[in-house]
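Please read the structure below before turning to the comments.
Each chain gets a letter, A, B and C, in the order it is written, and its residues are counted from 1.
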Amino acid sequence: MGGCSSQSCHRCFFEYETERMIVVKSKVVGSVFRLIQFLILFYVIGYVCVVQKSYQETDSVISSVTTKVKGTGFTNTSDLGARVWDVADYNIPPQGESSFFVLTNMIVTPNQTQSTCPELPNQSTICMSDSDCLEGSNDVRGNGIQTGLCMNYSETVKTCQVLSWCPLEIDINLPEHALLVAAEDFTVLIKNSVTYPKFNFHKRNILPDVNSSYLKQCEFNRKTDPDCPIFRLKDMVSEAEEDFQTMAIRGGVLGIMIDWNCDLDWPEHYCGPKYSFRRLDNKIPENNVAPGYNFRFAKYYKTTDGRETRTLIKAYGIRFDVIVFGTVNAVCSWFLLTCTKRRDYYSKHKFTYLDNTDDNAGEPVSY
Amino acid sequence: MGGCSSQSCHRCFFEYETERMIVVKSKVVGSVFRLIQFLILFYVIGYVCVVQKSYQETDSVISSVTTKVKGTGFTNTSDLGARVWDVADYNIPPQGESSFFVLTNMIVTPNQTQSTCPELPNQSTICMSDSDCLEGSNDVRGNGIQTGLCMNYSETVKTCQVLSWCPLEIDINLPEHALLVAAEDFTVLIKNSVTYPKFNFHKRNILPDVNSSYLKQCEFNRKTDPDCPIFRLKDMVSEAEEDFQTMAIRGGVLGIMIDWNCDLDWPEHYCGPKYSFRRLDNKIPENNVAPGYNFRFAKYYKTTDGRETRTLIKAYGIRFDVIVFGTVNAVCSWFLLTCTKRRDYYSKHKFTYLDNTDDNAGEPVSY
Amino acid sequence: MGGCSSQSCHRCFFEYETERMIVVKSKVVGSVFRLIQFLILFYVIGYVCVVQKSYQETDSVISSVTTKVKGTGFTNTSDLGARVWDVADYNIPPQGESSFFVLTNMIVTPNQTQSTCPELPNQSTICMSDSDCLEGSNDVRGNGIQTGLCMNYSETVKTCQVLSWCPLEIDINLPEHALLVAAEDFTVLIKNSVTYPKFNFHKRNILPDVNSSYLKQCEFNRKTDPDCPIFRLKDMVSEAEEDFQTMAIRGGVLGIMIDWNCDLDWPEHYCGPKYSFRRLDNKIPENNVAPGYNFRFAKYYKTTDGRETRTLIKAYGIRFDVIVFGTVNAVCSWFLLTCTKRRDYYSKHKFTYLDNTDDNAGEPVSY
């Protein structure tokens, strides 16, 4: 800023320096010069502002999900007889959280008690005499604690006896057609509310312009009913390009993605949920362990003499994971919320529908 | 940078070019010039550095939550008689995860068995004769599989018979006062530990300067006890501007937000949890399905002759979702952690309280 | 840009202005000038591009986790007798979600019924006569509703009688050695699939070059088997620098962190999961409430006369939280995905292994 000595600093402060310029009057040079100026302007406006939106503030979504499954199924097997399955039977866990499971196939082992029985035959459990079995041995891939005896498993095979929940589950005979075929017509209601805390912005997937008589009977369809929050299980699996009955046999995990990416500079009704569906587990057998999705649980009973028995269920089915994601961009909203003095008024005014506390106006829909 | 031919390039390398300047000595022009310089400086320091903190590194929070509810309630209904409810009865699921449910109201249908009974009457189930009922029909909004018979539901109404868990649940008579009124005085202990992996920063919501005798008897209060991690359910609902007893009738979802936004350039004790509470479900009836929050679950029993019976419970209550969020900014910590050679020492020194492994010093508090 | 009047604006548009330059020929000044130029270049390339990667797009991970525990344990206590524990007994909840619990120690209170019994003795429950007890009183730290009577708790102590699930749990005698010692040898299979939606990038923790015969028998080891998704519980606790048998007594929370930070500009096989383990709960007794990790749950039974009884279990154990995090950076992938017209082809080509739908090729591994 010019060479000014300490004595002349005060005078120096009020000096203004500028470059000496040359003006070239040439249409060619001038055109190139303006073109370069235009390109720089275009880059700043077009790329930095429009594509990258670098001037905007961003925030990540905070979300809450509840789900509710509806439907009744019917099975008729030799083990269980004719039996109706309702939501309390097939929906595990029942709490209606963002991850819920619908039972579609199962291996039931009733009347297990703590007792002894011969192990399932495999390389390490087949024995010729008691000396092949080690008392107290506990293989992590076995079903119990060996007692040291060698027993007849069948007429031709002898295996080491174990202390376990007997009889043991035989899980090789998985039904080739899913037992609960009706599950494909079950429906699920998904309620999702999101918050962008930095912008004090709240919204739900049940949009404000949707009324309750519509919600009573609608069903999600990407073309005709894109705003309905009730989904048929089969439709969701189809959207993920899977076949429900095939997936139902061994189970699987299906992701229900709700995308809340929004630009709050646009009117609020442009900011809505976008649903997509994708199978999340791996179905390629080459590099897979435990294909599909299953888990074991038990119902415990007590006999009249106080002994504990249980029914072990190896449950196959589809786990639905509701995954909510999104980033919001905004410059206007942020500016207004931050800078205006009527901030509270503005926040409340923008999202009035959240503050309506009149519980008695209109009849809620039961689902 | 100057027109230098390839021959003279070496000489050219050591040339320095600068603009020829004009110095204008005028107090007016000089003042304007300095003002513009000051505004640019102010923008860079004030907006870019102080407001936007563009020079800082950021990281998102990783969090772990455990919860534990305490309290005992009492109900006296014609169905169940006098009955005490403890945490194993009303807290579902019991594992104390970041989302927990407290039962406040319910419809109990005891002694259901797999059998036949007339459907609940509505437009599609009322019949005049067997010909109105279709054997094997299974409506997704019905309760079972139609047997094809038309039965007396009451003295005046006939409905199609279904195979189902009978007797069917009649869920229209929800108690108008929440059964488990005492739930408002239950307390919950929330333990939350957070990690910012990029900065190797760990902290818990039980702050290091809080001792166990305080924790034994404290209760969160925004003014008097802002650091106590034990919350009375009623207080949380009140902070969300809701009435506990009203919310308890039909249930709802309450968000417990823990905000860990921190600037690690400030001393560590400025980085603490900020609690806030908000109702997350929608309570406006106009555009709502399934208002409140409820789910169905069953307890299964076996009779002495081996038949399965169950008690179906439609559980209404409040689901508490602990939602942890935050972004951390830092330039100093990041710089020190990245650049200094004593990185490990520094990391450990800063967060010593995590490395104290002396389990026997002092008496832990049981909760 | 030059002083041009409105009349001469057209001519002005094609003018090009430039500064008049001075060329200083001095080796010293020239060297300093080039050094400064080099430093600026170094800063832009070195810091902005290489360290900060400011030119890259980023995206946060979306993840899905399933887990499956294997193993059998054995206990022999006076309460329960000799008993084998399998996964349906000790794994709560059973669904194999990202957070799972393995029971290692417990206090069992069998045969509780809704009845009356004297409270556990403490300062507020010890009484001399009925007048010390208040009928209907319900302390949040007590176990039931006081009946107003004062009863013999033992030969020397009298306490107020309560209506509760009786007999009450006595939880001071926690076994000093964890009951289910065998739990340290249980294994867990963790399946994790991640998605970066902005880049349409999907990957699983079972890497494409791993085959099923390896997965059948492998076990994670940081040095020899870093890609095996099957983890021995004891190994995970050791990696977190904890002792399994100590942690098993009072329980705790162990974080299984899976880090998917990736730079997609590098070949895809550089983008893999990095596992780390850390204890998440606090084990320092000075400022702690409810050290360890435990919760209460009950199994409900009905007696032959229809009365409800339950077995209350205070379950201590280790909760494993699988925490997946990561940010991905990319400029090439993003550029290719956004700009090329063969976008779909490219996306599919890059991640072909996800689209292999040939379910019958090869034999899946059962786990």
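As a working rule, a contact is a pair of C-beta atoms (placed from the backbone, for glycine too) under 8 Å apart; a residue touches a chain by one contact, two chains touch by 3 or more.
What you see is a predicted model; the values in this text were computed from it and never measured.
Colleague: Tell me the shape of the graph of touching chains, choosing from line, ring, star, complete and other.
Modeller: Graph shape here is complete: every pair of chains touches.
Colleague: Same or different interface residues for chain A and chain C, judged by whether over half of the residue numbers are used by both?
Modeller: Counting which numbers both chains contribute, under half are shared, so the two copies meet through different residues.
Colleague: When the C-alpha atoms of chain A and chain C are each averaged to a single point, how far apart are the two points in Å?
Modeller: From the centre of chain A to the centre of chain C is 15 Å.
Colleague: Residues of chain A touching 2+ other chains?
Modeller: Each of 19-20, 60, 93, 301, 304 in chain A touches at least two other chains.
Colleague: In the complex, go through chain C and note every residue touching chain B.
Modeller: 19-27, 29-34, 60, 92-93, 99, 101, 114, 138, 140-145, 162-165, 246, 253, 255, 257, 259, 278, 280-291, 293, 295-298, 300-302, 304, 310, 312, 319, 321, 323, 325
Colleague: Which residues, counting only chain B, touch chain C once they are in their complex?
Modeller: Touch list, chain B to chain C: 2, 11, 13-20, 60, 62, 64, 66, 68, 70-74, 81-84, 86-89, 93-97, 182, 185-187, 189, 191, 193, 195, 197, 204, 206-212, 215-216, 229-230, 299, 301, 304, 309, 353, 356-367.
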